[in-house]
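Pasting the structures in now, so scroll down.
After this come two complexes, each holding subunit A, first together with subunit B and then together with subunit C.
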Partner chain A sequence: MMRLKERNERSGLGLKLLLTPEFGILIPILIVCVITTILKPNFLTWKYISSILVGSVFIGAATMGESLVIMAGEIDLSVGMNGCLAGVMCGIAASQWGLGLVPCVLICLLTGAVVGALNGVCVCYLGLSSWITTLATQFICQGLAVTISQGEPQSIASLGLSSVTRAKPLGLSWLFFVFVLLIVLLDVLIRRTRYGYSLRSVGGNQEASVMAGLNARRIKLIAFILAGTFAAVGGLFDTLNAGAANAAFGSGREFRAIICCAIGGISMTGGAGSAFGIALGVLLFHTLWYCLRILDVNTNLQLVLIGLILVLSVIMDIQRKRLEARKLV
Partner chain B sequence: METNYVLEAVNITKRFPGVLANDAVCLNVKYGEVLGLIGENGAGKSTLLKMLNGIYPSGSYEGSLVLEGTEIKPSSPLDAIRQGIGYVPQETNVLKNFSVAENIYMSNLRLESLQVQGRHSKNPFVDFGKLYQACTELLKDNKIDLDPKADVRKLSVGQQQMLMIARALATKPKVLILDEPTTSLSASDVESLFEVVRNLKEHGTSIIFVTHKLEEILELTDRVTILRDGRNISTYKKAEYDTMRIIADMIGRQMSDLYPTRDNPVGEEIFRVEGLTVEHPYIANRDLIHEVSFSVHSGEVLGLGGLVGAGRSEVCSAIYGMMPLKSGKIFLDQKEIHIRTTEDAVRHGISMVSEDRKRYGLNFSWDIQKNIVISNLKAVSHACFVLRQKIRGRAEPYFQDLRIKAPSLNTRVATLSGGNQQKVVIARALNTEPKVIILDEPTKGIDVGSKNEIYQLINQLSATGAAIIIISSDLPELIAMSDRMVIMAEGRVAGELQKDEAKEIRIMQLATKTFRNEEKREQQAAV
Partner chain C sequence: MNEQTIQKTQTGALRRLTRTDEFGVLIPLIIIVAVTTVLRPAFLSVGNFSSMFTQLTFIALTALGASFPLMVGQVDISTGKVAGFAGIIMSSLVVDHGMDMFPAIVIAMAACLAVGVLNGVLVVYWKIPDFVATMGTLYMVGGARYLFVKGYQFSLATQESHKLVDVFDGRYFGMPIYVWIMVAIFAIVFVIIKKTLWGRRLLAVGDNREVAILSGIHADKMRVQAYIISAALSAVAGLLLTLDVGVGLPETGDGWEFRAIAGCVVGGVSLAGGKGSPLGVLIGISLVFVAENAIIFLGCPATMKVAVQGLLMAAAVLCDLYRQKRKVAA
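What follows is the complex of A and B.
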C-alpha cells in the first residue's frame, strides 16, 4: 500500500496516461508493429499500412454498433449475420429488382435496423435475455441470407460503382473515410448528445436511471436499432468492396466485434466507453490479425494468439481499474 | 496498558485524496458496553469502523489499534474477524439465493471452527443437518427470531438486518460493530434489535453502535463518542447525556428547533389520485394497494403514515410509473394524466426520492454533477447536445443548498458517505423542478443538522407552491412536517387526519386497522 502510494507520486503523469483506457491500447499496437517489422523489414511501408487501415473498416462498423449495446449493459450476438443479411438484401435489390444506388443502400440499412429493432423489442419490452434473443436472430439472419441469395453471390455491378470503389483518394479506399466519419459521429453521439448521456447512465445503473426519469426501455431499444444499422453498414462495406453480396460474409464477426469492444475499453458491465477507444481496439485487433497473416503464422496458431491477446487486454483493463480504485483509497 | 478497554484506537489518521476523513481520532470501547458513535454525514464514522474491520488495511492509515492490550494490525476483513472484530456494514448485503443458515455460515459451511482441533472432517460435502442445528443454536442464544431454512429473498429489511448481525455473531466476536443498523427498520424491528444488543452486552460482548437517531443513543448506549469533521469532539457517559449538548457538539452550532415552522398558505388542489389499485405481483386475486384516493394542494405537505408494509411506498411507485395500475385515475391540475413510465411522471412535473437507496440509488462510476443533472438533461442541453459547461452551473446550487460534503462536484459518488449519497439522490429529484414531489423516507441515514436543512428545503419548496408527499417511519418527523396526514393500513386508506388531530395514539389506531371483513365481503361479491 505504502509502496504504491510512493510510486503513485513519483510517476504521476505516466500513471495518469496509463490510466486512460485508450492510451493503453497503443502500446500493444506498437509492439505488434515492431515485432512484425523486425521479422519483415518492408512492413513499415504505405502499402501494408493502408491495407491495415482499410481492412479494419469491416469489423469496425460492426464494433461501433456492438459497443452501443454493450454500453447499455446488454449484448448483441447478431451483428455479424445481421450485416450479412443486410448485404444480401442490398445485392438482391441491385441484381434482381434492378434498383438504383440510393434505394439499395436504404434497403440494406433498413434491414439491419429492423433486425435490431426486433432484438430490442424482445429484450426491452418482452423481457428476454439479450444473449438468447440475439443468438436466435443470428440464426434467423443466417438462414434468411442463404435462402434469399440461394447461396449465390449477388452482383451489384448494375449499380455501376466499379470505378468508384476502385478510386483511392490519398491511397486509401473511400470506405475508410466513411468509417472515420462514422467514428467521429459516434464520438459526438456518445459524449455530447443527450442520448449518449442517457445511454451511459442506463448502462451504469439502470434502476437509478429509471428513478431519475429516463425511459430505459426506449434507450436500450434505440441502442439495438443503431447496432443493427451499424451491422448493416458493415455488410454494405463488404458488398461494395467485393462488388457482390455473399451469404458467407460476416461469419464470426459478432465475436470479433465483442473482442474489439473489450480491447477498446468499453466496460463489459455497461456504462462507459468512447468512440476513440473503439477505433483503437479495432485497429489493434486488425493489425494483429493482419500481421499474423503476412508473417505466415499457422491459422490455428493465429487463433491461439488472438485469444491470448483478448485475455491480456481484459487483464490490463482490470489492472487499470484497480489502479484507479487505489488512487481513491 | 490499561486493561479497562477491550478495544482502543489511538490517534488514527486517514486521508483520501482531498479529504482528511479521520484526524487523530481516538476511540475506546470498554468490556461489555454499548458505545454510541455519532456525527454528521461524512464526519468519518464509517471510515473509522472500516479501519477497525480491516477493509482499509493496516498501513493505509496512521495510528494504532489495540485489542485487549495487544496491538493488532488487521489486514483484511477476514483477518479482523479472526482477531475478534465483527462488523455489520451500513448497507445490507445478503446472498439472495441462499437460505438463512447458508448465509450465516457461507465462509465456513463445514463448521470447521466449531469442531475439535485436529479432527477436521475431510468430508467435502456440507452436512446440512449440522449446519441447521448450529444455526438454530446461534439464533436461539442471541434471541434472534429467524428460521434457519427461510429463503432470504422473502425476508423483510428488518429480518435481513438481523441476518447480517447473526452472520457477524457466528464468528464469536469480542467487539461487534453496527454501522447504522436501524436506518431502514420499523419501530418493532428496532425494539427486537435492541433486545439482541442488550443480550449480547449481558454476555460480555462490546458493541459499537452508529446511528443518527438521538433517542437510540439515549436509550441503548452506555457512553457516546461524537465525531465532527474527522475529529473527536467529546465523549459522554450515560449520566452526562444532554440532547442539546450532543447535537451542538455534532453540528458545531446550536440548533434552535429541529422542525422549522412553515406558515405559507395552502392553495388550490393540484394533485389527486382516485381509486388507485395495484395487483399483487405474485399472489392472484390480491391487491397490493386497494382503492387508494387522496389529494394534495399547492404548498401543502401531505404525510403518508402507516406501518411498514402498509403499501405507502407502493402507492408512490404506482404514481411514479414504476408499477402498472390495475385501475384508478391520477389528476394533475384537475386534468387526468396517464403515467406509464417514470419519464411520463417527470414530464408532468412529478418527482420522487425512493427509500431504497442501494437499488435505486446512483450511478457509482459517475461524479456528483452528472448524477444530479441526469434527471433533467434538457436543462443543460441545446437541441439534442449536452453542453458540458452548463452541467456544473446546473448542479452547483443543489450542491450548495443541500450542503453535500465532498471536495468538489467532480467527486465520484462512490466515495461519498452514506448520508451524502442520499443528498445527491434528493438533489437529482429536485433538479427536475417538480410541481409534485414524493419523498419516501427522505431523511433516512441523514444526520440531525442535515435533517433540519432538508426540512427547511421542504418548507422552501412548499412556499414556491409545490405539493409535497412525504413518507416517513419517524413518526415525530411526520407529524411535525405534514399539514395533513393520510394513514394507510393493509394497502388501503385507513383514515385522514388534519394537523391538529394528528396525535401518535390516533395515528397508531388507524395504522393498525384491519380490513379483513371488507376483503371477505369483496371476495363474496366477486364470486
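What follows is the complex of A and C.
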C-alpha cells in the first residue's frame, strides 16, 4: 500500500517534471543534438555550439518582448519590423546625422518604445484588437524603414565599434553576454517584481485582476512598451553585428518569436511563462534551425517541421493546463 | 398628402441606404478617387481602373474566404499559402503526372479542404488560439508547397490542357473570364449570407456564441465550416491565378493573407464577429488597391505602399469601433 502510494507519487513527479515547461524543452534539445551528432560527428565542437549560441540572440531579443505581451494575453506582430525600423533609425543617426554611440543607441531604443507605446495605447485605451493593431504598425514600420533608408544599408562605421563587435570573448560575442544579462533582468522582472506578478495575473484572468484593484490597462501598456524596446534591442543587435542597418533585417521575425514563446512554455492564452523558459525556447528553436541546416534538410521541409512543432508545443501546453486543472479539482 | 408620403418613403430608403455598412466604406473610396483625379487626371482612366480590377480578382476571392472565419469571430492567416498550395498541386499533377485538368483541380481542391478541416479541428476542438493554430498551418502548407517543385517550370500551356488555358487568355465583355467568375462567386455568397438561414446562423454564432448555442445552433460545426469555406475560396483564387498565368508557381499567394484581412477589415467585417457582407469585402479590397495605386499616382515613394496599407487598416478598425459604440448607445 505504502509502496504503491510512493510509486504513484514518483510517477506523478516524473510526469510533473516532464510537463514543466522548462524541463520539457530540454529533452527535445538533447534529442536534436544527439541525432545531429550521430549524423555529423564533429557537431559537438565549440565551433558549432558557439555559433548556435551567438546566432540565437537576434531572435532572442525579440522573443523576450513578445513573451511579455503574450503573458499579458495579447499578441504583438510588430516586433520584427519595429526592430528593423529602430535599427535603421540607429544607422541613419550614425551615418547621416553623425551622432555618437550613446545618442544612436538611445534613438534606436526610443523608436522601439514609441512604436510599442502606440500599439499599447491603441490596444489598451482605444480597445482595438491587438493583432490587427500590431499588424498595422508592422506594415507602417516596414514602409517607413524602407523609405527612410531608401533601400540602402546605413553604415554605422562612424561609431568605431567594429573592434568590440568582432571581439570574441570566450569564443562567443559580446552581444551574447548582453543577451544573457537581459534574460537575467527579465527573470527578475517576471518573478521578483510586483509588476511581473500583476502582468501574469492580468494575462491569466483580466476581470479578476481588475476587481482585485490592478490597473490592467497600464500594465498592458507597459508590456507593449517593453516589447517595443526589446524589439529595438533585436534590431540594434542586427545592426551592430552587420556593421550597417538594413531594411531587410527582421522580416518574419515576429512569427519566429511567437513560435519561440510557444515552445518556451509561454501560455498562448496568457498568464504563465518564465524567462528561463524563453531562453530555452529560443535555444531549441535555433538549435533545430541550425541542425536542419547542417544536415542539409530541404529548406521547405524545415518550414513544415517548424509548423508542426509550433502546433505540438501549443497542444502540450493545453494538456499541461488540463492536468493542472484536474489536480486542483 | 400622397406626394408627401412618397417623398417620405423615398428619403427613408435613402437614409436606409446611407446607414448600411457598405455605404460607409464607399465614401472613403469615392473621396480617394476624387482627390487623386483632381490632382492627377490620368488616374481616372478606363485602362487604369480595368487593370486594377483584374489584378484584385484573386486577392478579392481570398478576402471573401478570410471573411468567413472573421464573421464567426476567428481569424485565418493561412489563406494565402493555401492559394499557392492549390495552384502548385494542380499544375504538378497535370504536368508531372499527366493527369487531366479536371481531376487535378478536384484533387487540389480536396487537399485544400483538408487544410481547412485541420484549421477548424485545431481551433474549435483542440482549442488552440486561432492565430497560433493557423500560423502553424501557414508554416506547414507554406513549406509543403515547395516540396512539389522540380527543377523545371510547370508550364500548363504545353500540355493538352491548353484548352482551359486558352479560355483564360480570352476576354469576354471586355474582361477576362476570372473576373466574371469572381463576380459570380461574390453574388452567390451575397445571397447565401443575406438570404439563407445558414448565413444568418453564421452571423449569429459570430455575434454571440452562447446565445446562438442556446437557440439550438451547432456553433462548433459552423465554426469549422467557416474555416473550410475560407480554405476553399482561397484555393479557387490560387487555381484561377495559376490558370491565368499558365505556369504553376509555388510562391503564388505569398503575402495575400494579410492584404485579404486588411480588405475585410476596411470593408466593414467586424473583428469581433457577427458582422460583414461580401459586397463590403469587395468594396474594401478595392479601396486597398485604389489607395495603393493612388499614392503612386500622387508621387509618394512606392516604398510607402505597405505603410499606407497599415494606416488604412488601423483607420478602418477605429471607424468600426466607433460605429459599434454608437449602435450600442442607440
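FYI, the second predicted complex is superposed on the first by the 311 of 329 C-alpha atoms of A that agree within 3 Å, B and C clash if a C-alpha of one lies under 4 Å from a C-alpha of the other, contacts with A are read in each partner's own complex, and residues count from 1 in each chain.
Everything below uses one rule, namely that a residue touches a chain if its C-beta (ideal position, glycine included) is under 8 Å from a C-beta of that chain, and two chains touch if they have at least 3 such contacts.
Computed from a prediction, not measured in an experiment: that's the story for all the values here.
Participant: Which partner does A:128 contact after superposing on A: first (subunit B), second (subunit C), both, neither?
Facilitator: Second partner only, subunit C.
Participant: After lining up the shared chain so the two structures overlap, which partner does A:215 touch, if you call subunit B first and subunit C second: first, second, both or neither?
Facilitator: A:215 contacts subunit B only, not subunit C.
Participant: Which holds for A:300: it touches subunit B only (first), subunit C only (second), both, or neither?
Facilitator: second
Participant: Is A:201 touching the first partner subunit B, the second partner subunit C, both, or neither of them?
Facilitator: After superposition on chain A, A:201 lies in contact with subunit B alone.
Participant: Just checking: does A:137 make contact with subunit B only, subunit C only, both, or neither of them? Give me first, second, both or neither.
Facilitator: Only subunit C is touched by A:137; subunit B is not.
Participant: Under the stated touch criterion, which partner chain does A:271 make contact with: subunit B (first), subunit C (second), both, or neither?
Facilitator: In the superposition, A:271 touches subunit B alone.
Participant: Have a look at where A:98 lands relative to subunit B and subunit C in the superposition and call it first, second, both or neither.
Facilitator: Touch status of A:98: no partner.
Participant: In the superposed model, does subunit B or subunit C contact more residues of subunit A?
Facilitator: C
Participant: Tell me the contact category for A:308 with respect to subunit B and subunit C: first, second, both or neither.
Facilitator: A:308: touches subunit C, not subunit B.
Participant: May I ask you to decide whether A:192 touches subunit B, subunit C, both, or neither, giving the answer as first, second, both or neither?
Facilitator: first
Participant: Inside the complex, what are the residues of subunit A that reach subunit C?
Facilitator: For subunit A paired with subunit C, touching residues are 75, 122, 126-129, 131-133, 135-144, 146-147, 150-151, 255, 258-259, 262, 268-269, 298-308, 310-311, 314-315, 318.
Participant: In their shared complex, at which residues does subunit C touch subunit A?
Facilitator: Counting only subunit C, the residues touching subunit A are 75, 122, 126-129, 131-133, 135-147, 258, 261-262, 265, 271-272, 301, 303-311, 313-314, 317-318, 321.
Participant: Could you pull out which subunit A residues touch subunit B in their complex?
Facilitator: Residues in contact with subunit B: 1-2, 188, 192-198, 201, 204-205, 207-215, 217-218, 267, 271-272, 327-329.
Participant: Can you tell me which positions in subunit B touch subunit A when the two form their complex?
Facilitator: 16-17, 56-57, 59-60, 322, 341-343, 345-347, 351-352, 354, 359-366, 370, 374-378, 381, 384-386, 388, 412, 414-415, 428, 432
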